[in-house]
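These notes open a run of structures that come right after.
Shared between the two complexes below is subunit A, which pairs with subunit B and subunit C, respectively.
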Partner chain A sequence: MLENGKISNKQMILIFVICRLMLTMAYLPYVNSPPWNQDLWISAILSFPLHIILILPVYALAMRFSKLSLIQSIEVILGPCGKILGAMYVWFFLHRTSIILRELGEFLTAVPYPETPIIVFIAVTALFAAYAVYQGLETICTLGEIIAPVILASVVLVFVMIAKDLDLSNLQPVLEDGLAPVLYGAFVIAARTTLGLFLWILIPFINESGKIRNSLLIIFLIFALHLSPSAIVTIGVFGLEQAKSLDFPFFHVVRMISIGDFLERIDALFVGFWVIGMFIDISTHYYLAVLTGADLLKLKDYRPIVLAMGTVMVSLSMFLADSMVDLNEFLSYKTLTWYNLLFTFAIPLLLLLVAVVGKKRVDY
Partner chain B sequence: MKKLGLIFLAITIMAAPLIGCWSRRELDTLSIISAIGIDKSEEDGKLSVTFQIIKPSALKGSSSSEAAPSGSTGVLVLTSTGYTIIDAARNATMQSDRKLFFPQNKVIVVGEELAREGINPLLDFLNRDPEQRRSSWLLVAKGKAHDIINAKHEQVNIPAEAIVNMIKSSSNTSTAVKVDINEFIKNLTNPGSDPIACRIEMIQDDKTKNQKMRFTGTSVFKRDKLIGFLDQYETRGLNWVLGKVVSGIILVKSPLDENKDVALEIIRARSKITPEILNNDIKTIVEVDAEGNLAEQLSEVTLTNSEMFKKLEQRMAQVIKDEIQLVLEKAQKEWGVDIFGFGKAVHRKYPQVWKKLQSNWRELLSEVNVEIKVKAKIRSSGLSTIPTGVR
Partner chain C sequence: MLTVPYLFIEAFQSSEDYYSRPFYSSIVRLLRFTAYFISVFSPAVYVALTTYHQEMLPPAMLYSLAAAREGTPFPAFVEAMMMGIIYEILKEAGIRLPRPVGQAVSIVGALVIGESAVSAGLIGAPMVIVVSLTAISSYVVASISDTITIMRLTYVLLAAFMGLFGIMIGAAGFLTHMVSLRSFGVPYLAPLAPIVTEDLKDVFFRPHLWSECKRPKLIAKENIVRVKSDSMPKPPENNS
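Then we have the complex of A and B:
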């Protein structure tokens, strides 16, 4: 076994939520995707059932091979050819970590530190994340357990503090273009979620596998209940047209907070929380990439490749795109939705079919 | 020993980033800006931007009584020109010994001439630059913005502070509008509304020749171009429709003594805009609910009975109606601008019809039939019932 640690269901919920939330917290990419109107908050709520549908194939696979890691179960299903598919998943996580590193750097250079070279943030964060990965799964999860409640509470606090500046008439009319674009929007939101793969990789290390289904429901519920108010405050404060033109809509909402004459300009605090949350996000993705990579190479320990992979991630994140504009093109709903679905839905569905038809299963 | 060495190394490494940041900026290397004024420059195509910069030494005694002697201000005023705002801001460092620092800026004044040509090009910088706050107040100067930024205020050392306080206390009369950059951009970009901004001008005292800043109503924009001004009463009419009246004084003639005035204080007000579309005929109902107190009367008659209160209420409603009528006449009929958000209301209630109306809403606006319904209520008569009578 590459990892000897075990994590509890509570830790799983918190880590998964943080990994799903952090990018959304600053970038809120859904303002510029379907439904393109003030019904975004409905899409956010409807993403809950769609999340469940989209995670089904991975969930079934993970449950069928609950003692095996992602790479091992692919090899059981496909035999030696599984290596190629396994390599694709290593790439997926490697690539994903680079994207998140780059987005962290882009945010920090765009807002608080315009004159600092972006490589400083990326390299330093990657270095610290490498240390966390060295310490293993339990360390990352414990860190998440400490910090996640603080971040979730701070987000709720933002909602409360901005409530008086909300103009809810910006959210009307409801369902202006009917239900179809709203559903499409919910689909885009759900398709961005890669948590199914997290589950597939981490399922051998989760303490009580019986509670996983409930934990997943809780995670998706928390996410829907977070995204929906985010959409409401962003569109409520700025109006739809303005929200679309902002680079970091939710961050701008935090900047607008002003209570009395004393409680204002708390955006620096927000950046602080966000960076800590992003660190957990990056560490988790980094860890998953390294673990899957070591598994693929049949190593006895994953630690020797931590720094090697980190170097690749840092350089990849620099070469990923020439600028933020470039990066956003890839991250827009037109590309990323289908790219993610290939890994989180299409491939697992095929594997599941092969496994069921070929009666592949592992006896413990 | 080895462990101790490691700990020492770790502490050294961790201490290294503490000594400073990459682009650290100390207080004494910054020019902290409290207000910006933007004008058209005499040179073709250039902007002339005036910065009001806080003098750090003036901050010490700004609120205490031993403040700087009257006439001196706590600010330095710089004017520089450039083709864009940021160009002008960077050019200003040629005169200032420090780099301009915007995040404390709370007031942005645009000159009338520039506003008439359209202020959308200016908004991009205010929207894009990370140092800018969208909660800065936006005002339009009658005349040059430079004069406003250059003006002194006798009570506070930093004139920008005075403007902010004036904006905040304007709810006592409701004859000015409170518009920040965010609000302005929101009204500019949303279909079915036109932006407004507070109007400020320099008033000269005839005796002392002193110039003072004063709010004189509202600047109205068609798209992003200044089209005209509303005076104070028209501004309150606008605020009635928008539901933004907080307080203020309404003067009516005394029902028993038609030559004397009675002052009614507004306690609270609400408004509701309801569009109705019946066979291509657009009608808008503006409902205003106002509550007031009897604040002062100049006549020597007893007004504190329910019959007189009824009459006062009728007169109060009539005044409110007239104020709304004034602003409708100007904005809706004359200029064809939707500063009331009637289009937004139609969008909300009739989303499908709005899709067809949207493109030529400004032309349709003057055809819209506006019905004003005012309900006025007088609650109390202050501390006395009958006025002091002179025998």
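Then we have the complex of A and C:
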């Protein structure tokens, strides 16, 4: 076994929530995606059932092969040809890690450090994340456990503190264009989740596998309950048109907070927490890429390839796009949604069909 | 006395807490956490604020800081590093010297280095305040003052290179390390990470003794009950 650690259900919930939330906390990419109007908060709530539907194939696969990792279960289903599919999944996580690294760098160079070259942030974060990956799954998850409550509490605090600047008339009229675009928006939000793959890889290490279904529901509920107020706050404070034109809508909301004359400019504190949260996010994705890669190469230990993969990630994140506009083009709903769906929905669905038809099953 | 396992929060729980009443003890305990954070982060935050994030300071404070640093020859990072190292030297010398000569160290430290370095214009007065605040705070949690020193100097270094981002990424690195530590099989940050909900009440506050009816879960594995659970004092039942 590549990893000896075990994680509890609580740790699973918190680490998944962190990985799902952190990018949204600064970028809020859904403002520029369907439904293109002030009904984004309804989409956020409606994404809850869609999340569940979209995760079903991976969930069924993970449950069917609950003692095997992603690569092993693919190989059981497809035989030796599974290697190619496995390599695609390693690429997926590698790519995702470098996207997140790049987004962290873009945010930091855009707002607090306009004169620093982006490679500094990317390389330093990747180096520290490599240390966390080196320590293993348990360390990353415990780190998530100590940081996640702070981050969740600070987000709630932001909602409370900005409440007085909220102009709810910006959210009217409700359901202006009917329900169809709102549903499309909910679909886009739900399709971006990669938590199913997390579950598929980590399921051999989860302590109480009986509670996984409930934990997933809790994770999606927390996400919907977080995204909906974020949308309300962002659109309520700025209005729809201005929110669309901002690069980091939610961050600018935090910047607007001003209570009395003393509680101002807390955005630097927010950036601080955001960096630590992103660190956990990056370490988790990094870890999953390394673990899957080591599994694919049939290594006994994943540690020798940690730094090698980190180097690839850092350089990939530099080559990924020329600028933030370029990056956002890929991350928009037009591309990333379908790209993610291929890995989180289409391939698992096919694999599940093959497994069910071929009666592939592992008995313990 | 040596007790194992030694956990992180034990540095903040002193035995006097349990002899005094809970309310004041809780305040003192929060004070210790504050002192810990001051002594770890304050030089680094000072360096980061004056070098990278001047816009975060209120204007009036920025003016007085800038006026105090007017004419000092070194950047804030060199000042912080220099004062930090000088303080460590003084501390070490104070421990080594025989007691009658020990007075000399404090006089040299306070007057010669503190006062005259400022009046000679070598070091800004705010830096002296920050360093002395740091030094005093680090003795509040004396049992982990060695790690505090290491962390403080590292944070200053990181803050000089990368500002608040450096501090935060350094914090993430140190947290990663602390989380991975174990003391006699018990995670070093035990009730905080992994979260043990039952034990959290004795971390930031000191609860009533009668409410602490269970031993720490990770340390006392099976033998978990300390006293029976309804030991809250109440008037006798057959009062006449």
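In this section, the second predicted complex is superposed on the first by the 364 of 364 C-alpha atoms of A that agree within 3 Å, B and C clash if a C-alpha of one lies under 4 Å from a C-alpha of the other, contacts with A are read in each partner's own complex, and residues count from 1 in each chain.
Here, a residue touches a chain if its C-beta (ideal position, glycine included) is under 8 Å from a C-beta of that chain, and two chains touch if they have at least 3 such contacts.
On a predicted model such as this, the values are computed, not experimentally measured, just so you know.
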item	value
First (subunit B), second (subunit C), both or neither touched by A:S215	neither
Which of subunit B and subunit C A:Q172 touches, first, second, both or neither	first
First, second, both or neither for A:T142, with subunit B first and subunit C second	second
When both partners are placed on the shared chain, which of subunit B and subunit C touches more of subunit A	C
Contacts of A:T344 with subunit B and subunit C, given as first, second, both or neither	neither
Which superposed partner A:Y113 touches (first subunit B, second subunit C, both, neither)	both
Partner chain in contact with A:M256 - subunit B first, subunit C second, else both or neither	first
Which superposed partner A:L240 touches (first subunit B, second subunit C, both, neither)	first
Overlap of the subunit B and subunit C footprints on subunit A, listed as residue numbers	112-113, 116, 120, 265
Contacting residues of subunit A [partner subunit B, same complex]	110-116, 120, 169-170, 172-173, 176, 237-242, 245, 252, 255-256, 258, 264-265
Subunit A - residues contacting subunit C, complex	8, 10-11, 108, 112-113, 116, 120-121, 124-125, 128, 131-132, 135-136, 138-140, 142-143, 145-147, 149, 265, 268, 271-273, 275-276, 279-280, 283
In the complex with subunit A, residue positions of subunit C that touch it	52-53, 55-56, 162-169, 171-173, 175-177, 179-180, 187, 189, 192-195
Residues on subunit B engaged by subunit A in the complex (per definition of touch)	21-23, 103, 127, 130, 133-135, 182, 185-186, 189-191, 344, 347-349, 351
